[in-house]
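Chain lettering (A, B, C and D) follows the sequence in which the chains are written, and residue indices restart at 1 in each chain.
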Amino acid sequence: MSNRTKNILVPVIAVLLGILVGTIIMVASGYDAAAGYTALWNGAFGDVYFTGEVIRQVTPYILAGLAVAFAFRTGLFNIGVEGQLIVGWLAAVWVGVSFDLPKVIHLPLAILAAAAAGALWAFIPGYLKAKFRVHEVIVTIMMNYVALHVTNNVIRTVLSEGKERSENIADTASLRSPFFEGLTEYSRLHWGIFIAVICAILMWFILEKTTKGFELRAVGFNEHASQYAGMNVKNNIILSMVISGTFAGLAGAMEGLGTFGYTAIKSGFTGVGFDGIAVALLGGNTAIGVVLAAFLFGSLKVGALNMPLEAGIPNELVDIIIALIIFFVASSYIIRWFIQRMSKKGVK
Amino acid sequence: ACGNNDAKKDETTGDNGKNTEETFKVAMVTDVGGIDDKSFNQSAWKGIQEFGEENGLEKGQDGYNYLQSQSDADYTTNLNSLARQDFNLVFGIGFMMAEAVNEIAGQQKDAHFGIVDSVVEQPNVASVLFKEQEASFLAGVAAGLATESNKIGFIGGMKSEVIERFEAGFLAGVKAVNADANVDVQYAEAFDKAEIGQSIASRMYSSGTDVIFHAAGATGNGLFKEARDLKMKNPSKNYWAIGVDSDQEAEGVVTIDGKKHNVIITSALKRVDVAVKDLSTKAKEGNFPGGETTVYGLAEDGVGLAKINDEVAAKADIEAKVKEFEEKIKNGDITVPGTLKDLKNFSVK
Amino acid sequence: MGLMDILLIIIPSTLLWAAPLILTALGGIFSERSGVVNIGLEGLMVIGAFTAIVFNLSTVDTLGNMTPWVALLVAMAAGAVFSMLHAVASITFRADHTVSGVAINLLAVGVTLFLVKLIYDKGQTDIIQEGFSKIDIPVLSSIPVIGDLFFSNTYWTSYVAIIIAIIVWFVIYKTPFGLRLRSVGEHPMAADTMGINVTKMRYIGVILSGALGGLGGAVYAQSISSDFSHATISGQGFMALAAMIFGKWHPLGAMGAAIFFGFAQSLSIIGKSLPFLENIPNVYLLIAPYVLTILALTGFIGRADAPKASGTHYIKGSR
Amino acid sequence: MEYVIEMLNIRKEFSGFVANDNITLQVKKGEIHALLGENGAGKSTLMNVLFGLYQPEQGEIKVKGKPVNITNPNIANDLGIGMVHQHFMLVDTFSVTENIILGMETTKGGVIDIRTAEEEVRKISERYGLAVDPQAKISDISVGMQQRVEILKTLYRGAEILIFDEPTAVLTPQEIKELIQILRTLIKEGKSIILITHKLKEIMEVCDRVTVIRKGKGIGTVNVSETNPNELASLMVGRDVVFTTDKSEANPAGDVLKIKGLAVKDSRGVQAVRGLDLSVRAGEIVGIAGVDGNGQTELIEAITGLRKAESGSVKIKGKEILNLTPRKITESGLAHIPQDRHKHGLVLNYPIGENMVLQTYYKSPFSKSGVMNFKNIYDKARKLIKEYDVRTPNEFTPARALSGGNQQKAIIGREVDRDPEILIAAQPTRGLDVGAIEFIHKRLIEQRDKGKAVLLISFELDEIMNVSDRIAVIYEGEIVAIVNPKETTEQELGLLMAGSKRKEAGEETNV
């Protein structure tokens, strides 16, 4: 069996195993597994509306996943995607509500603001890592909390007068699409999915095709050899975090300009940034993998909302299945070993 | 604009013949808290259950139901799912859901929606507001009379209009009965961080505060924990707490030397259940107040104060005063301030 | 408020915050010292908190005031069992440690909330009646000044955490087990040639991290939140992870870091009643703990190196 | 005759690849038995089988005549077999004593009794003449010291049979002398030794018998007294090997590299290079001889831009390059074969092909306006792999999977191919077999003959003597002498390197 086939087979088997164990859990808990999966399917694809919602959910997942994956590929662990997303969201909405501009300028400006805010938020841990060797994991965790409190404060003081949410953004800054809404019976599917896919292509291109990507990955693997080869190690660490943060900020723009159209104070994290870690890992930290994993995640998450209603099954079941799938993908060594054995037997 | 939806509705009607005319189905969408958050989700669900029971409905797709959101992004999807399942009335519980209700109501023009704690201006949405300040005013009265140190505390969850109403009313209530008392106000900036609630309570109690009121959701668990712990350690001293939304009496039980005590004086009730049930009944009877905002206060039995703990020395005094102010508020002698700005001009004469 | 009054509030509150972080960070140290990265601490705390609360609620009638202590042990066991998933995946199945840790976190939340719904048919448990409460430590609390500051109005669990930190330090730095554990995390092949069973040591390291993570969660649940819901453990595991790194993978360092976090948090809450902090806008106090941590790392802690082999798989016969 | 170790018809495969094919090795009590073979011949594998790290597919092992089944290192230890590994098996962050007692700790009441253990270590080290500080941390001691710790580890466990896998590859001449002394002491104390080395001179000096293996197969065992280096080399390689590399007279032209008053501090802030002067001319190879730790590393790092220098001047063809970035320096015409190929030389996770363009990836034809051209890169890689005889399945194989010798050949190919004005080669043949060494020396001389300047840094006096046109002796961060290899002896060099003699270097450097 070729390596390529195996690479595809492993996640497929992992997903099947996850579903299998999910079934066992449902049956053991006295639920109707068939009804559960039917509800899950209907909740995701039973209706164009839900499919629209799935893609809407997939959009920030792709970007958050790319953010984590990009950093991972360059030897950094960005747990701060959540915080970068939150500040990106804020920046996008801020531009969206504060300016009166034609759409061709306003929308790109709002998106750029989100990207810049995410990049800035990631620049700090990148800089501290490059200059002071401070562990990026701690700094990004801390920056998440700082982002949460600071954005809440800005929403209260700058974007509103002591209110808990901003105004709605101007139509000229919105990613919403009447066309898509019509197509999907008013789901919140918006143009952002194209941005997400373009970013995925961009990430692939940067990492695999450009000299910068060659450098970034080299620095991630071996700083000493990269320095020896004449690469600027510090700048590359910072750049890697900045690019990662840009993706995360864009994920925030998807929420601010697409899904919600406003921003509100948050008492906790959105979770999208942390789900991004899972998406990236499930996708093997590759661009195409991230897109596929985000799609799987989005479908499961949106479909799960229908499970309590239609089948009376707690939607946490889907979280369990997602976790199991990640486990199985991570343990691909054992799955590969198994495939190897099976295919050998087959030959005999 | 809703050609699709109409077609779909007809189809469903044709399918099972069961429709609006026969059973009146209600449902609600909660935020991440779920229906047992010991706060307004729980209360709302109670209202829906009562409505269901009274009307012979069963929990499920064909009676009454709820959906819990796992994140802010789910509100819209959940509201929409329920509307698409032909629930006749769908509630969004909490001001955070206003935008989602607004959006879905605009799309699903045939469905009816309710929004609690916020106003959505759509012809098919009934908005529900509460005069939280009236409940917390009474809580303030209780606190002002119960305190011996004249130091009272208020723990807020996150600053918002609703919590501000609680704060303003509480401060006004204290002021009305005890001009000497000081209220120490602190916000936890979270509704789900018990440890912050506990630390704030610890700070307040150890600087001599003896009554603390919270409007902070699960953050308030920390207040109760601190009060119980201190009481257990020092049974002779007073560490009072006041609950919020529903009657939180159960959270205050401390067993000292085999004897049960309770650290909770009372709770400021916000009867989301009353409002939800009321609206559902109206809607069922064809009197759905679409496009209107209904404000539930003391007069409507929408807010109130739970019974006073027997252990409070000033119980009789409190009950009398509470009764007195209840009357005054109901008949309009007193208008309880709902914002800190109004509070400045407030005085009881 | 005088300094003494301030300290009287801040110190117990600091210790209260710190206890779960200390215990969980110690768990992280066992795992990472053996060479297995454990980002699943958060999930292990969730398991511990859930187990402790459910056990507490269901046995309080028979166990009485021993309940919270027994619940701690049960939670440790549950954490240990749960962490075996991480051990099997990341040691035997050669899963990426980080990936497996992320899965642990997701799985813990999913499983516990699913079970809460299954057992209680609602989204969160009731409040426990028999938790850890404030005490004055006998004898010690009567020492002048120090007794009031450090041993009054506090919780047994804080001292349990500190004592365990000292025990862990002793175990890791003074016993053959500790030497072997560290050698496996630094240079597994060297350990192997010295006849040390690398796989076994790593399993032990991970399982201990599960036990301590479970303990941390149980302490949190029974001394702070008093119930279990989706929000009970929200980020404490990551703070423990940060404490472990901040403390440079050293038990006492991690303890110091956890106490520092607790102190910064308490200060941000108590700051309101401090004369020199009262006029500062709330948001600055809220972010202070996190900013202080970043500054501390940048300023005087600087680089921290993980155990050399952490995150790697040891496969016999490969280089 | 009694054998302490008998490995009979050993076969070991790695997923299909036969590393040991029917090899037999018999070691007599009290002898030093050499195991000789090219890189990748299967020596380490065979020893790992004996030590219980690998299980053989076939064959029998007898210890003192008794058949044994060595399934893990513990059993080997119990049988009195100890191994000093090619790559040290030491925990850097532990003390000497902790490393030695690991797995066999002396305890008192469950607690490690470090004092008693240190005493024990001190006793053993005195008995075998292995002076080490039992309390020192591994990361703070020299490689030679580390090796002593490895030896102590085996002795502490009561080993009777000691395996040394390429012990001298990482040692300075001084340390090698000391090691040989230690080996002799061990034999006197009744131990038996298996010694793997590529250095025929060492075999001739200390060994009693030698077993040669080639490409996984046993070639035979000979008595050292009945053979000579040439015979051994051809047994090992399968053809005749030329030792002293043939080269014509140097034709030096103008200065290419000119260093003046260079001062550099090491990472601990100690002055490592103190006002060093040196020049290398076009068409000559200058060798730097010196004992490890006299500033060689810092000198190279300063020239190549990997470390900031305090003061001084380094010019390439008259252009100042001191404290420029590595990239600027490379572009000024400098190439560098680094001393530590894993740390600096390669990105081990990158395919070997991409490692071939590690410094030139951003230039045409490997990339155009920031976009890589992988076709050109791999074309180039294939060419270099062929030209420099890098043995790898293909150009897409990760560098990690190549053997040390092949990794080194790849680096040399890459550096030489850039056609530099000055080539700095640091320990270019460390750990390589004679065939590979011959190949590399030829390449260095080729560069010289093309009119390039070459600076060679090596601890191997043989190499310095054979390859250099001039030898600069470094001592405590200064060049203390410049000598002509034809007019000097190893003894004289040894004295210079030890700092006991100074030669007027002034006028020679300023040619």
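Convention: contacts are C-beta pairs under 8 Å (C-beta built on N, C-alpha and C of every residue); 3 or more make two chains touch, one makes a residue touch a chain.
Keep in mind that this is a model prediction, so the values were computed, not measured.
Chains making contact with chain C as well as with chain D: A.
This structure's chain pair with the greatest number of C-beta contacts is A-C.
Work out the mean CA point of chain B and of chain C, and you get 35 Å between them.
Centroids of chain B and chain D (each the mean of its C-alpha atoms) stand 76 Å apart.
Rounded to a whole number, the gap between the C-alpha centres of chain A and chain C is 28 angstrom. Multi-chain contact residues of chain C (touching two or more other chains) are listed as 231, 234, 282, 286.
Shared interface positions of chain A, i.e. residues touching 2 or more other chains, are given as 149, 152, 268.
The chain pairs satisfying the stated touch condition come to A-B, A-C, A-D, B-C, C-D.
Every residue of chain D that touches chain A in the complex is listed here, in rising order: 304, 306, 325-330, 336, 338, 343-350, 354, 358-359, 361-362, 367, 370-372. Residues of chain C that touch chain A in their complex: 85, 89-90, 92-96, 98-100, 102-107, 109-111, 113-114, 117-118, 231, 234-235, 238-239, 241-242, 245-246, 281-283, 286-287, 289-291, 293-294, 297-298, 302-304. Against chain C, the residues of chain A that register as touching in their complex are 25, 29, 77, 79, 128, 132-135, 137-139, 141-143, 145-146, 149-150, 152-153, 268-269, 277-278, 281, 314, 316-320, 322-324, 326-327, 329-334. Against chain C, the residues of chain D that register as touching in their complex are 48, 51, 53-54, 72-74, 77, 83, 85, 87, 89-94, 98-99, 101-105, 107, 110-112, 153. Chain C makes touch with chain B in their complex at residues 1, 5, 8-9, 12-13, 16-17, 122-124, 127, 129, 131, 133-136, 153, 220, 223-227, 229-232, 234, 265-266, 269-270, 272-273, 282, 286.
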